[in-house]
Amino acid sequence: MQKITILIHCKDRPNIIATVTNFVAEKQGNIVYIDQHVDREQNIFFMRLESEFVHETFSADAFRDAFKNTLADNFDMKWRIYSSARKPKMALFISKYDHCLYDLLGRYNSGELNLEIPFIISNHLDLKPIADSFKIPFFHIPVTKDTKELAEQQQLELLESHNIDFIVLARYMQIISPKLISKYPNKIINIHHSFLPAFVGAKPYHSAFKRGVKIIGATSHYVTEELDAGPIIDQGVARVSHTHSIEDLIAKGRDLEKIVLANAVKLHTNRKVMVYNNKTVIFS
Amino acid sequence: MQKITILIHCKDRPNIIATVTNFVAEKQGNIVYIDQHVDREQNIFFMRLESEFVHETFSADAFRDAFKNTLADNFDMKWRIYSSARKPKMALFISKYDHCLYDLLGRYNSGELNLEIPFIISNHLDLKPIADSFKIPFFHIPVTKDTKELAEQQQLELLESHNIDFIVLARYMQIISPKLISKYPNKIINIHHSFLPAFVGAKPYHSAFKRGVKIIGATSHYVTEELDAGPIIDQGVARVSHTHSIEDLIAKGRDLEKIVLANAVKLHTNRKVMVYNNKTVIFS
Amino acid sequence: MQKITILIHCKDRPNIIATVTNFVAEKQGNIVYIDQHVDREQNIFFMRLESEFVHETFSADAFRDAFKNTLADNFDMKWRIYSSARKPKMALFISKYDHCLYDLLGRYNSGELNLEIPFIISNHLDLKPIADSFKIPFFHIPVTKDTKELAEQQQLELLESHNIDFIVLARYMQIISPKLISKYPNKIINIHHSFLPAFVGAKPYHSAFKRGVKIIGATSHYVTEELDAGPIIDQGVARVSHTHSIEDLIAKGRDLEKIVLANAVKLHTNRKVMVYNNKTVIFS
Amino acid sequence: MQKITILIHCKDRPNIIATVTNFVAEKQGNIVYIDQHVDREQNIFFMRLESEFVHETFSADAFRDAFKNTLADNFDMKWRIYSSARKPKMALFISKYDHCLYDLLGRYNSGELNLEIPFIISNHLDLKPIADSFKIPFFHIPVTKDTKELAEQQQLELLESHNIDFIVLARYMQIISPKLISKYPNKIINIHHSFLPAFVGAKPYHSAFKRGVKIIGATSHYVTEELDAGPIIDQGVARVSHTHSIEDLIAKGRDLEKIVLANAVKLHTNRKVMVYNNKTVIFS
């Protein structure tokens, strides 16, 4: 049995659902999941559909071709069809903070994540022992003002030579360049340690402390050129009070960051996220 | 324009979605919402679909007939089709606690609830002034051991003569009889002041205090013959600590009860709840 | 028996706690609650203490004098001593939204709030029937560009003639002038319908929708001259998703606003809030 | 500078706070934290106090003696005085689930936990590689019906020879015997994968799924002889829906378990938990 996931968005108009479900039925697919959304402000239709195919002759590529010619072009759809046969490949970018790294690698080792991690890149050597203990290749690519361009070139070569599908910045403390972003549009996931759009930029826990908020947050989002302004995938919050120092906020925040980033990774790899107009549609 | 909501459940099998969406398309309906769920343990398929019809000649009754004959009987579906033209009628049962009453009537007056409240029944007179101030007819039906049967008869007559669709027990402190339950199956909503299944029965805040829980809850559910064991519609929780007395738990709980009951009322009246095997499927 | 609540803050130094608790013990008081906090960044000590006095001869005023002369002046304390004998008087300012009004009046009528509401002021007539049904005097003071100064004069006269202790802006849609703020410093509570500091200013739900946040919030805070930037008292949050329209956010937000504002009112009237450096210390 | 933490509980009576704070002041201690609680139902007074001593001659042992003789015996106090000089030693008991293990060891390695882990005990060999990668001694003590008593003897010897202060059952799948419990009263922390007291015993996620709850939970508690009925330290919850399978509940629950167990470990090692009447007082 093969399983495919179809993601579609296009201008809303009547009968899209019936047309798509019909098409899948004609191809002998059994729809096991369907969800749809209409953004009434933008008049955009979104759909996520999972279908199982039992015929031995089923070919995901042939299905894609037929879908494109019969349906997608007519409705002027943006679409993607993923086969469950291939696990997405994730590159991890880290610096010196280890909590998200431990969390993701622990989940990875437990089999909780449906992905492969071909390697880890860091601009520091500090966390190499953790990568080693989990037996994941670790590449040290330092970044200074002078070496930034070269470093990026090295990163790109690694990403391309390993056929990386998406990148996770697990508290990677460097700005990603427009060039890299443009090569991985909506495929670079960052964790920001605040409840965006509050406290954009550096040291958000310090700002939260100074403002005296009663709830802190963390936000996972796709990276776009504007800092901390990309499409939000998930957010989490925790109560704090005057008794908490900045260090307490940072410690509490670590637990938020771990979970909010892991949620984003799972949603992305399970093909549950669509992006439109700098916002996400999450079919969960 | 008319709008209908279709709720379906039946044994799962291939092509139900395509068949139903086709049917609606044939009848010139534009599907504006579709959601589906398969309970893989029970092998049951659930579906909720909203469709708009612009043709002047559209008749919800004719659609129902066609749906039944063409589709529902073939697939052995349990189904309901609601027209947006009719607002559901809700009877409120209350006793002496006023917080859920104030909350629901405040929302009702603000136009937040898509329903009508033909009357309020109470076994006490205490809250009549509130009903009066909101200009809702109030019927005082006292319940004692001796008058229980008579009281129920009076209740039933009121319910039937006003074509009541569903009943909300807003902290009504009497047990509902099997007879009344059987006449309104999955149509009587209760709010229980605990996180069910913890603390079934009387005085749950006292039990929660005694057990030393760190989180309290409230649960809205459909009433079945077994006490506090009916299908759960919504639950809410709030943190508590050793500093909270029983009275504090009760006060904090009131806010949970109000919101969890109001959520259930909204989900029910918006036709978003299906019941199967003593559990709910909530298409929200 | 009389009960007093002491709130203190001053520069931190050794032995404040022992000195204060000794003083209360000497005056035959039994301390039933003590909590303290040190802001280590600012080196400021905060304390809240409740004490019961059973002697018939106890006088809160005499206690205040002795406290001032013996203790407060030595330690250069900012302090307040409240007697439980007097309920605080709250003025409600409203405009056209009724949800916070219904919520507060429902709680007030149920005896949940330890305060008096001598009157309600509104710049519109729409909600007068609600004030009437709860039998609270309602003053209609319209505010236009031309009448703003006059309106404020009328407000001040009402506030002063009724010995109002604090003001609650229950979705009052006018800017409060610096003059009024300076007369009620940290005594005007506002509810802002966002998770501050995100979405300051008008139409925060629209901004939240546009940004695609996954969690919305509400914030109660004391009013200062800078818009939506005063000390935060409480915050609440709720999950949202792409399925929610702006109207859905507004509806969900109403429940947050009600609870977050009611919490602030309860904390304030129970003398649990201290303000320092535009932040609150909440002894809850 | 030395720092001590004093935990006290005794029958409530006037002037305890003044007497204790006086005593500390006499000994040249500067109180940097004080919190107190009175259980009015039981009439029990609880207190937690942190004090710093700068004199070189300060001796925690001498302080303990003086405290006992001057104060504790008079007031018939239960008390403990901890010096910050000594880190508590924690033994980890595990079986086959690795998520709590990864989480605790990640925090331990990051320096987030104020404790030492002399060893890990498991009744299975599966997780030995993880212990190895974190360089923590691992003892494999299998438990079968026949070897249960012997196994316990081995456990006790390890615990005693390493001066273990408390035990954490990180999803250890064996019942702890009354003998071991009596040697470590309120010093064995368990994580139960439900919102206690709902779903006591085995397979709580299965029971939660069957009941159709809309929120699942996890509970950390001290182990007592009655299964899952000991004093609750912390609880956490997460929303679920009909779309979640049992496996989804288990996966979501893992994140709850990790955080709720870590919270308990931190509260315990920071001496913030007192136990009375099978309930906890948490001074956080």
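Going by the order they are written in, the chains are A, B, C and D; count residues from 1 in each one.
Note that contacts are C-beta pairs under 8 Å (C-beta built on N, C-alpha and C of every residue); 3 or more make two chains touch, one makes a residue touch a chain.
What you see is a predicted model, and the numbers here were worked out from it, not measured in a lab.
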Common touching chains of subunit D and subunit A: B, C
Numbering shared by both copies at the subunit D-subunit C contact, with half separating same from different: same
Most remote chain, CA-based centroid, reference being subunit A: C
Geometric centre distance via CA averages, subunit D-subunit B, whole Å: 42
Gap in Å, rounded to a whole number, between the CA centres of subunit B and subunit A: 37
Per-residue overlap in subunit C, given as positions that touch at least 2 other chains: 243
Subunit D contact footprint on subunit A (complex, rising order): 98-99, 102-103, 106-107, 109-110, 112, 133-134, 243, 251, 254-255, 259, 262, 284
Footprint of subunit D on subunit C - complex, ascending: 14-15, 17-18, 21-22, 24-25, 30-36, 38, 239
Footprint of subunit A on subunit C - complex, ascending: 37, 39-40, 195-199, 211-215, 217, 231-237, 241-243, 245, 278-282
